[in-house]
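Each structure below appears as structure tokens.
Both of the next two complexes hold chain A, though its partner changes from chain B to chain C.
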Partner chain A sequence: MTWGTDRVTVAYGSTTALQEVSVDLQPGQIAMVVGGDGAGKTTLCRTVVGLEEIAAGAVRRPPRTCFQPETSGVWADLTVLENLQFVAGGYQLPPEHSRARIGELLEVTGLASAADRLGRQLSGGMRQKLGVAMAVLSEPDLLVLDEPTTGLDPVSRLELWSFINRSAQEGRALLISTTYVDEAERGDVVVALDEGRVLASGSVKSIIDSMPGRLFAASESLGARSWHRGDGWRVWSPDGVDMPGATPAHPDLADVVIVAALLSETS
Partner chain B sequence: MLAMIRKEFRQVTRDRRTLAMLIVMPVVLLLVFGYAASFDVDEIPTVVVGPQADQAAERLPDLFAVESVDPDETAGDAEQVLVAGDAHVAVVADSTGPTVLIDGAELFMAQAALQATTAMQAQVPNLSVEVLFNPDLDTSAVLVPGLAGLIIVFVGTLVTSMSVVREREAGTMEQLAVMPFKPKDVFVGKIAPYFLIASIDIVIVLLIGTLLFDVPFNGPVLPLALGAVMFLFVALGLGVLISSVSENQAQAIQLALMTVLPQVMLSGIIFPLSSMAAGVRWIGYLLPLTYFNQVAKGVMIRGAGLGDLLVPIGLLVLLGSVIFGLAVVRFSGQLRPAREKVTA
Partner chain C sequence: MTGIEATNLSKRFGDVVAVESLSFGVAPGEVVGLLGANGAGKTTTMRMILGLLSPTEGLVRIGDRPVREVDRRVMGYVPQGLGLYGDLTVAENLEFAAQAYGVTPPSLEELGLASFADRRVSQLSLGLRRRVAFVVARSHDPSVLILDEPTSGVGPLGRARLWETIHETAENGAAVLVSTHHMDEAEECHRVVLMVSGRAVMSGTVTEVVERFTTVSLSSQVDEEHVGRLRQAGATVLVAHPGWRIVGLSAADVSRILGSSAGVSESPSSFEEAFVALST
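What follows is the complex of A and B.
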């Protein structure tokens, strides 16, 4: 059984927040939803967990689906331990199992020493780790995390990703939204969104392979289809024709997403 | 500085609801409260009983609005009418001479009635006057029952609405929506602490009132407890309803105050309902605190029992059912709004 959405459309009045968006992920897979602000990432996450009314399409989710909202979902007035205990109670985990699971998660996330600290007293990284721990506590089949790493320092991001990977290895399907394209490359499946529409989707390799035309590297901008990358420029040739003053380059996911956005603009 | 002022004006005008409240509500409140704020008593609901009831009723000044004249009823019957709060003055015209019984639980009416009867004693020397329930016309005795109601409104409406909105602002309401709670579990869990706190508050206020301010507690506890529980349901329901239409805590506070202020001014706690202009008085009759105040005063001061208070308690049950029911429906709808095709 795979989870996700089938051509889902979500509208707020006359504004279409998602237009025929499909995501497909299997147990043990990580699906990354990547896009800029207003792309529809949060709406997609909320739709998958059942918080948004859909105008068309269908959602496939297992009975045990857990969610970490963008705000981390941590209760600020409860301690780390109380947050976890509340979630365990909400999912009616047997007390023995709950105690063991909470102890395990506190250790894995490195939050054991902060167990008695209030949610509001945690750093951003700790709060996000606690949020993910709360979401994963009941051992869901599908875990939806809305921008769990936004605003985190590089070390906290790495720690959180180690925890996320562990969850996937345990057989869970994860749908994670992010604004960072490099982070999206960690996914087995990537869905790039722009203004509620899918720009590209599939595995990182298939998305890169599907890029039409050719990509070139240049030392300066060569027109409207150029963008800055690292210490140089990338230039996209839609018809694959060689670009004077530029050398062929291998595209990565970021390049392909930009090309998809350019294509979307012209169409 | 000009830039700062311009930015502030922009922010104020962007929040249309707050702006409307800042401009429209003072006018509305001034008009409503202006017509309500009156200690002048123009008429007092009065019953006249005893063999000479007809003659006595004819000789009463206009201040006493005679609602019933019954020569067959006795002083005991008349007193029972006052206990039930159906009238606030009873004239007993029997062979022992005319007696005016005044309901001391309605302070301003009692003062006006006393003044009028003192003037009448010049023409009717054998007229005796008796203030029942609160013979010294003690202000705290009259105010404390209403204060208990105000505390219920404060905790039930204001604090509850803020708590629900805070949960939504923090994003934790989404967590609750996704967790395997039924909406009613979240609803009951959310309001239960405030129900308990408000209940404890009422007991504390009434204990302090009776022990420290010598407020009488003449009636049985049961009708007061019943009225308080019903009123608490109304207040909590209002709190949840307010939270369902508020985007943030500031809006919730504003809206909650808009429900609290009219209840303070128009429920009869401070100004007698009968002194208010008819239109404003009807607003008072729609407010739940009006009926809780009647129950609390009835039990504590007049010693009224459940049978005497069926109307206000019944109205509290009605208001509670409507408001609490609406709150449950809205809360449940907002907690899980999605109605989509799902394949598990």
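What follows is the complex of A and C.
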């Protein structure tokens, strides 16, 4: 069984928030949803967990699905341990089982030493880790995380990813949104969104291989199909013809998503 | 020409040392990234460079003068919160800033923003708000530009377009200092200065910095006992997708601790892993 959406459309009044968006993931896989602010990432997360009314298409999700919204959902006035216990109580987990599970989660998240700290006293990284720990407590088959790493510094981000990867190794399917393309590259499946539409989707490799035309590197801008990357410029040639003053370059995920955005701008 | 030069900067808050003996410069035309984990001292450093906070020791020079004696108009600043008036339109925000600086507001037509002139800033997408904030910060033609995570929350194409403008500003002679902790932004800087616990520990292009580190990849399963031993030896052990990543030990050390070299290999560190290696 795979989880995700089939050509799902969501509208708020006359505004189309998602247009025929499909995403497909298997147990143990990570799907990354990438796009800027307003691209439809949160709407897609909410749709997958069943919080949005869909105008067309279908959603496939297992009975045990958990969602962590962008604001981590941690109670500020409860301690780390109390937050976890409260959620365990809500799921009516058997006390012995929940004690063992909470102990294990505190250990693998590195939150054991902060177990008695109040939610409000946690750093951003700790709060996000606690949020994810609360979401995996009930051992869901599908876990949806909306921008879990936004605002985290590189060390906290890596620790959170280690925890996320562990969840995938345990056989859970994860759908995670991000605004950063380098982070999206961690997914088995990537969906790049812009204004509610899919710019590109598939594995990183298949997305890169599917880029139409060719990519070149240049030392200066060569017009509207050029963009700045690192220490120089990238230029896209739609028909694949050589560009004078530019050398062929291998595109990465960010380049291909930019090409898709340029194509969607002109269409 | 006016660059930024920070010499031997220290800032202490009581017993807390936020920044210690920090020296670095940003030449006119240069885009320099200031990188560090939360609490590394980035914000304190930026505030001292803006002249909003006095260093306990050391000096910030803008051009050839101490920052305290410099006309504020040489500086442009885009904070993370953008510093725009949400209830004012795009044109009004520009007009307001221009009057405050005593300059003529820039032409929205030339900036490709004419169709948004009468829209309230609070109604714009984040990408557009970032563009407007950047236009405001640049409207008085500052020679020093300070940007805090300038492209955070913007999609890939919008991000590339913002960076074009930032580089264009640098090419026109501005010294640009960018605070960030994302690879996507760091790779756009000519040079990065890495801060750990208030000190600059490394400087170079982001590729140079990352290439100094290797991480051990492990494809075979490890039990909790061995994970414990690796941690005791000072390693950071991370679950990868698939396998494991071990920061802080060589492949030989990892093989010795595990009693086998099966599935052990060394590979280049990611941007985040280099941070972990530096911070521990």
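Note that the second predicted complex is superposed on the first by the 267 of 267 C-alpha atoms of A that agree within 3 Å, B and C clash if a C-alpha of one lies under 4 Å from a C-alpha of the other, contacts with A are read in each partner's own complex, and residues count from 1 in each chain.
To be clear about the criterion, a contact is a pair of C-beta atoms (placed from the backbone, for glycine too) under 8 Å apart; a residue touches a chain by one contact, two chains touch by 3 or more.
Source: prediction; values computed, not measured.
**Q** Spot which of chain B and chain C makes contact with more residues of chain A, would you?
**A** If we count touched residues of chain A for both partners, the winner is C.
**Q** Touching A:50 in the superposition: chain B (first), chain C (second), both, neither?
**A** Touch status of A:50: first partner only.
**Q** Let me test your reading of the model: by the given contact rule, A:145 touches which partner, first (chain B), second (chain C), both or neither?
**A** neither
**Q** Touching A:137, do we find chain B (first), chain C (second), both, or neither?
**A** It touches nothing on chain B or chain C.
**Q** Once chain A of both complexes is superposed, is A:80 in touch with chain B (first), chain C (second), both, or neither?
**A** It touches nothing on chain B or chain C.
**Q** If you stack the two complexes on chain A, which partner ends up touching A:67: first (chain B), second (chain C), both, or neither?
**A** first
**Q** A:179 in the overlay: touching chain B, chain C, both, or neither? Say first, second, both or neither.
**A** second
**Q** Check the residue A:90 against both partner chains and state whether it touches chain B (first), chain C (second), both, or neither.
**A** A:90 contacts chain B only, not chain C.
**Q** Examine A:221 and indicate which partner it touches, taking first as chain B and second as chain C; both and neither are also allowed.
**A** In the superposition, A:221 touches chain C alone.
**Q** A:154 contacts which: chain B (first), chain C (second), both, neither?
**A** Only chain C; A:154 stays clear of chain B.
**Q** Using the touch definition up top, name the residues of chain A that touch chain C in the complex.
**A** Chain A residues touching chain C: 30, 34-39, 123-125, 150, 153-159, 161-163, 165-166, 168-169, 179-182, 186, 188, 192, 194, 221, 227-231, 254, 257-258, 261-262, 265.
**Q** What does chain C use to touch chain A in their complex?
**A** Contacts found on chain C: 36-38, 40, 125-127, 152-161, 163-164, 167, 181-184, 187-188, 190, 205, 238-242, 271-273, 275-276, 279.
**Q** Which of the residues in chain B end up touching chain A in this complex?
**A** Its residues touching chain A are 170-172, 174-181, 336-344.
**Q** State the interface residues of chain A toward chain B in the complex, per the touch definition above.
**A** For chain A paired with chain B, touching residues are 46-47, 49-54, 57-63, 65-67, 69-76, 87, 90-92, 134.
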